[in-house]
């Protein structure tokens, strides 16, 4: 952590930075992040409505602690601007902002606190694995983009088709193409809630054709990513072996 | 763009062709295509029913613009026939035809305008990626065809089986094999709307066996395509590396 | 077609065998097989109930034709036994048997006629592709068997678990483990009809865990087959290239 | 089976150990395990309620037999502790414990008997295949862990999002984030029972985006395992070939 920037830091800042970057402080923050995520979930549970006052207190405690941490991190940062506009700097701000601003309905954005969860993974093997995955994916980004465009076209055409067949029979479910798009996505991802489905013979035949083709089309990207991740691992293993041989 | 055909073109045609093939004209057409696709979707929305008159006007504007473009493209084409029967020539005609013909119910074919969307991708990396994907797929076309035939057989036999078990219990849903085929497709693609499902013990046991085998069978082509696309990328990467080494 | 067996054939048999194995006869039989399959489907459609008499006549025509073909094939076979107990000999018999036997409910087995569909593919690229696929699969048969056993165990344990959580809440849907197995299969294949689903908190948490693990487990065999088919194609291509180089 | 431990065994122990480890005893135990599993399933079937007394007797017989086997195995074990705390030692105890303890509701744990099913596979090719699969998987354990964490984050965020959009419209289904998590899991695994689904426009658009991304994300691990198993097989085959060449 000793680099050129540190020259502009006072002794106090240097000592505090060591603490902030140290394992104890990091562990406490990780615990607070998880606790805030769990509290947010429990707070929505009707069974705990009578404890609302306690949840509000806990919320304020989290706000104070996260705000203090944010100010501390700015204080110890050798270059303030760099921290404020860094990935974690923005996330840390987003995590406290919703509780500060008093616009009604805005508080729900406390869910953004959850983004701080990435702090937990900072400098861990998880980030390493994700980095390697993103690198592997970048090798098939043209194929992925093409598949995404084809899938979007397919959803559009499926929605237009089913709208044509079902609009008079089921005007409440297929009365417009945006409505039909809801059906198209629920069908082609194979979720199939059963809230909307074709009832005319034409609509059913159209669905049969569209489903057999589209379900396969939309499943390809996922399989592609799986294959690429395996390839990446194999190549890496081979590199390791070559290095071992040297 | 200067080839033998151009000899038959007048100076005006040559100048216009340059404009038509240029980036500005192309950009305007791409915007119009997307605008027409969005308009078509919005027009079906009940909430916009009161603006129907405006949508009709916009429709006519699109018709005039696309027709003008079509005539212009024929005019500048060195060999008229070649353009008219080319892929994009036919699509351009299909995009204006439905609005011209006044047969009721025929106007819905304006959805064909959407085919013009492919113009947007013309000469872009998207077409390149799709081309490479089609090439990769052609290597497993025998396997794909075999899997499609096997899946079709499976759907047929599944429909016959469930019809046998459920036809008396649920005559409205499984009264005939075509009805049962609707069930077979919704089940084997794992959509499972829940509008039709077996209720007899025999039908449920039959479904259990059919689902465990058939769901896997029908998912294979998708995984096959994903694997082949990855293989194609790996081979291509290796070629690139070999060329780099030279 | 001239081999040792033929010595025991009369001239008539030899001439008839040539016709039976020829493309014209083969084409007619293929048409009849498809026609019988389509007729079987249409016959079950209520809309055609008034034409039942015609369907019965057509059924009898098919029976006579297929029976004649069967007898003819036995007649021309150099070694009768060999044909009768061959794959296609048994299928040809199964195709006519259900119509001959007059046990009620037995006629539904006319669906077996459909097995004759394999005659259509005889000596075609389809059989070749299927053969190659079966060969590729035999290389992972141990993995497939292990996955099938693991999946069966998983379905059993999932059924026991959900039965434990839901049996008192929903006795009609989860009253016994066989009932719960229906749920387990519909859930783990991700069909999810929605006819049965957990309603207790315990059952939902159990389902969440079971679904996340089990859905992945049951999808593995399908992906495995897809990967293996690709590998088989790659190896074959490499062999072809090596042979080309020689 | 003759090793240092055996020195502490009496002649009777040695003889009994030979029997216990022999194929006849093993076969009987395997039959009893399967019989116990089937009995457990049938016992829950309402149709057999009148035979409850017989099932109780059979249960006691299984208990006596499995207890006797457990005691016998301890007796013949050269080092008692080693057997008792071994994988199969613990499973054997778990299989008899639930029937011994008389706490009500505890008997359901007889399902644990099913764990004894692994005894059936002991020292068979199944265990070998599973071992090889686990080894192959350990090579992608970092990727798997990263995908599991990402999926968990995705489920959490999807639940928070849908709760925000639907909580006022459908308080009984989306009233709290834990409730919304049930929806998130049923949707992202594509089960889609249809018991809960979004009804607001915002909720549907959110679901469309979440489903298209999340369904793909959650399907990746399964495809990854399939690919890795294939790679492992290919590598193994190559090793075999290399050994053949030597």
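Letters A, B, C and D mark the chains in the order given here, with residues in each chain numbered from 1 onward.
Everything below uses one rule, namely that a residue touches a chain if its C-beta (ideal position, glycine included) is under 8 Å from a C-beta of that chain, and two chains touch if they have at least 3 such contacts.
All of these numbers come straight from a predicted model, not from anything done at the bench.
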Report summary line: Comparing C-D with A-C, the busier interface by C-beta pairs is C-D
Query raised in the report: Just going by residue numbers, which of A-B, A-C or B-D has an interface where over half the contact pairs are the same as at B-C?
Result: A-B
Query raised in the report: Quick one: which chain's Cα centre is the longest way from chain D's?
Result: B
Query raised in the report: What whole-Å value do you get for the distance between chain C and chain D if each is reduced to the mean of its CA atoms?
Result: 31
**Report entry** Centroid spacing, where centroids are CA-atom means, of chain A and chain C in whole angstrom
**Finding:** 43
Query raised in the report: Residues of chain B touching 2+ other chains?
Result: 190-194, 219, 221-223, 226-227
**Report entry** Residue numbers on chain D that touch chain B, as the complex places them
**Finding:** 190-194, 223, 226-227
Query raised in the report: Which bits of chain B are touching chain C when the two form their complex?
Result: 139-140, 142-143, 145-146, 149-150, 153, 156-157, 160-161, 163-164, 167, 175-178, 187, 190-194, 197, 204, 207-208, 211-212, 215-217, 219-224, 226-228, 231
Query raised in the report: Hey, which residues of chain C end up touching chain B in the complex?
Result: 37, 40-41, 44-46, 108, 111, 114, 117, 121, 125-126, 128-130, 132-133, 151, 181-182, 185-186, 189-195, 218-219, 221-223, 225-227, 229-230, 233-234, 237
